[in-house]
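The same chain A turns up in both complexes below, where it pairs with chain B and then with chain C.
Our next item is the complex of A and B:
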């Protein structure tokens, strides 16, 4: 029977997969939780199946089960994983080692972390091939160079001599794809291969991966939380939630005619209709000709940047990583004193250095960060975290403080019950809400939001954006909203500054900035945002005017 | 291309030299603060004020301390460590043989201890939290926790007294055949190995375990490498810097800290030489030995620093 399966073209057949892990919740006895409930899937040779879902959906866990691998204490406790006609779960450790890197290869989310910093790229690329003895070193290296060419890496002949730190993130991701392809596997597991990249780089990597899959006829499990991305590369899509199958179908069916409500929620566009406010007459905060650099470096991270922020409005700062967005926030808050230029607040210049600013100035500018969980003291309760600015800036203590904290919790749509909870007991979205409440507690005029929704699942991020807009109406607080995500910008901004390599290349009201004619960089940025449209990728690549800097 | 490395290495070496000078000042000052001076020590009970003054004049002790310091330093730099008061012998000549003996013992102890510690560390990581790991860690910790004189005497009791395999007194002399010499140092070398083993083993284990969390270790596992090869090829090269550091610290200990072991086995090395002359209050010898120990300690630490710099591919191959 196994033989007939293999002949019929089915490469991977996962049946009733059940995966469990032991968790150690604080203050409780260790307990078993089920991560994947009874999931079955089949994948034909040369086809691409997209696994999508939010974090905790079990996508990566299912993907890795095809290699018999469980991260941390994760165990496969039930079902069968039939690869090339045999149940690999019966093969034991030795069996897993033989198939890993030969029949199934893996491409990780962050190639920068997944390459060993101590070895040259070529040694790592050919390692699995040599280990499994499928080619001699010379053959494997020849194959690798051919793959580097196919993935349009620069200097394909010599890039293998480099060390991982000498190559950019987008290039590393492609080298990792070459590494997976080098041992000519039957299946590659792509685990969010473009998530850590800038949009402008993502599009190139995505195109390279797609071409490589097509030309080598390898089958793939493509794991991502981004439906628009997966729609470009996969033949079929499987939607997962909380470790259970939600819907499985052809790509066109899933994105055009979803049958399940949850799929529909994922597919529908989450743009918030946000009416742009006309800028007032006088900005309360002006950044004028600011130039800044880290240390005594000659490389200026900010070059002559000027922007204005109006009361109760949102200025969105967009750009790819390294464009100086966060540095601008650091210059405004005084964490990085500018070398030249000034920041004026309410008509008077702010002290350059944080240490020289009076408490009142500190109160007026608050920050919310990308990583909510590291922005909070894990040993303080939510009540202490939110109450701290009340004590520090206003000297409010005791019952009055508790009342205010309860009010703030109410504002962020979390109940009083959370006062005594610790950050570890909250979900990602709840943590970010607590951070928002903490910044609001200071009653600031401006909150700087640094990629606050980037680490969140789309539906959760949507909720946070709505909350921020709601709060802006109630408290008339202004936002400086730093993001690389243009959909977010459209939802929240009144004016936009596009940054590229430390300079503001386009700046003005939202409608003006997002209306053609565009400058080359804004055009690249806008055209690189994946759209949930089959064939978008090819169209976008064709229509580009400039290459992305990340290459 | 290697310019950042050259710069960093030059910085470390320069710092080491400055540090060594500072230590020489401290050693000199320390011996000056001690009550009494060389003249008093030489004359002892028979000292009269006149004879003391004469001897001080003769030895140049009347000159201000900084002048004497520079004279001493100048001597040291030209290889002249002065004369031992107790024996009247040239210190440099008598130290040379002693230093050679100490280095010989340290070398063989290190040859055994360093690879053994690293291999045991690798094995402990491979079977982490299992009984092999616990056994290795337990034995290594036990051997370190026993004072070295205890280990020394236990070794003497079994190997020298009961079974008579190795000599209990490690006498060596010039022109001794290599085989006999090795037999003589077998017990002190074993004692030293047992003392330094655990520290290096535990550090190797901890440094590698730290690296085992990395994504690239997962990558290696997903290529199908065996557990031991993952550790050897992918974890160990990235854990090398902290391991080198602790190895160098222990090498320094093997040279500088052997005093007790040398005394137990009556081994004619630096440590015994130092102890002998401390009891005789022979200040020039104590100064010379102190300075040599400091130099050894500082240079080994510089070597550790430089090795850690070179082990870092980011510094070795800049963008």
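Our next item is the complex of A and C:
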């Protein structure tokens, strides 16, 4: 089948694509910058090309150019985009209108944000088909139901009657794939379709997308920053950086024999050696039989949870969304007072409510958030953000404060020049570093890290993890590391607690938790982490012992 | 940091006009060619070299009246707006941060105040209390603060759940820091745009009150009062009533041009550098 498709020729041929945008740098005249530097690619019918690179590499921009679209003032200024034998850039507005949703469809990263919450799913799925007049409503709906079935959505006949908020995130992503497939396009652009999902959900969506691509013979551009994911679905991989082509080759070649240094760095990114420390004799923070609930105790989010943290060590809390791992952090910090159970700190019980805790206890427990951009006040400078804990806890002011802030900036490998910057003037990784510095400024015994690397590119996340480990050595601070990414856990944890629906299902030293025999849930979690190996997806799906809770 | 060449032209026009109004108000006794209540000519004289804007219904110099009127109009409007904003914003932010019964109590109280039409409320209160500048400013300020309260509370409720506010709470910061250092800077944009509007409403409200005879008392007059004094002239084709009206319009536009520009600068998250 694949051979006969290949013979039928080239579907998409992008030649010397150049994309520019106008930027308005402070204090200077507006100027043009080139986002994509003369990139060329070809895609045969029925094939999948993975576009991979860090944020700002231009992968989404190139993907969208295949439908002649430039996001937010971005202009296609050079090159040709030849789809089905004609240059779509010459077609004008009318040409684009005929093309989009008919020949090329798009699957967005956040399906939750891309669906109109006011319309039923079915109306949105068949909209493009009806607009282009390629099928009657009845035919289109029949096709949509068949696609829902193929994408293994529950109740395929009736799911179209629901509204977007009535289905889960993973299901919504699959409905969006159905929407793209419904008008039977020649090409689909997948823009990070699984990045926002849990590992256990991601694997289902990935498998569904892969099957749908195979059965409908549609060609696809698959954009992602996760090499392990792209290895599962694509025939070829193109590595991009700063809008330039780094390497382009077959999936096997890119993964097994990368020719460029940058590709090599991407392939081997998660390898951090971390020697597990033996738990000490006395934990300085222990959570005992904590039960917590939101609302008036109707929904228990934490059920009888007990964990210990030892000085200078890392406890990783793993689980999918809704497993209660962030709630555990909120219970420890006092944001959500537990209903039952105690949190003991340094041998004495910690007040349940935040308001009842003395300043000294607050200083000892610091927190770093997942989204660094909303964890910092956008109207305060880096100096104020890092300096405030110094003023607040230690009463350090003026020049002495500035000196300490500079020291801290040095510690997080950022220069003095950042003191006067605002968060909006920092990159994602720098923002997270500033958050780390803010929590370090308090000289805490424990830092709670809530998914601190999840929103970052793999290379940047790698840097943050190394920094955290380095700081742990220097300051002997303990971490409570909340994550759903098991690769991160392996590289940073000393002990691990696996959480599932509010309960700790597996808890112990890292080596113990990660050695078989596993319980069903830990097994599911472990086997859902994409591995950089071709054919992993099929193997993982076959080997699963339970379905993921998210679907 | 503030480069005059980079101020957009509309904002520049707004700044110049507003500055003119403010200067006229401040230096009124020195600028005005005649006294405020001084009768210098015939009734409703047309514009001439001696009386640039003509004379009013009693034969007073209209230009001088306008300049003194600017003083009283701006003085009351600025103070009333300042009062309504400090009161409304602080209470609104507090309601959002403290929540609970404090929020409920304040919000229902504000609902109660808002359910009575502002003008009727003001008329009743002003006819009971002695009519002087202080009561006038207090009444205008308090009545207007209900609108500011609702806006500030709505904005602050959204900001209050941001991670950085949570981080400040975890640090143990008190409510004053959270209100003034975390929430206020981030709520400034909607407040500034509201400020431009509310200031003009204050001018108009004062004019309305004066028009009805409950605002500034003669012989002093604000612009609204001057419209009232000269309204009968319109029938005879005399423009004296339109001049203070035009001044109100010009002030409204110029203040909002400035407010919009300030808004543009405060929405920048890069410290106005970008």
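We adopt the following convention: the second predicted complex is superposed on the first by the 534 of 551 C-alpha atoms of A that agree within 3 Å, B and C clash if a C-alpha of one lies under 4 Å from a C-alpha of the other, contacts with A are read in each partner's own complex, and residues count from 1 in each chain.
Simple rule for what comes next: a contact is a pair of C-beta atoms (placed from the backbone, for glycine too) under 8 Å apart; a residue touches a chain by one contact, two chains touch by 3 or more.
Everything numeric here is computed off the predicted structure, so don't read it as measured data.
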- request: Look at A:102 in the shared chain and tell me whether it touches chain B only, chain C only, both, or neither; answer first, second, both or neither.
  value: first
- request: Determine, under the contact definition given at the top, whether A:67 touches first (chain B), second (chain C), both, or neither.
  value: first
Query: If you stack the two complexes on chain A, which partner ends up touching A:354: first (chain B), second (chain C), both, or neither?
result: second
Task: Check whether A:116 is in contact with chain B, with chain C, with both or with neither, and answer first, second, both or neither.
output: first
- prompt: Should A:473 be classified as contacting the first partner (chain B), the second (chain C), both, or neither?
  reply: neither
Query: Which partner does A:163 reach: the first (chain B), the second (chain C), both, or neither?
result: first
- prompt: For A:376, is the partner it touches chain B (first), chain C (second), both, or none of the two (neither)?
  reply: second
Message: Going by the contact rule set out above, which residues of chain A touch chain B in the complex?
response: 67, 69, 71, 96-102, 105-106, 108, 110, 113-119, 124, 127-128, 131-132, 162-163, 165-166
Contact set on chain B toward chain A in their complex: 214-216, 218-226, 234, 237-238, 313-314, 317, 319
Chain C-facing residues of chain A, complex: 24-27, 333, 335, 354, 357, 359, 362-363, 365-367, 369, 371, 374-381, 388-389, 392, 422-425, 438, 442
Contact footprint of chain A on chain C as seen in their complex: 162-164, 166-173, 181-182, 185-186, 269-271, 273-274
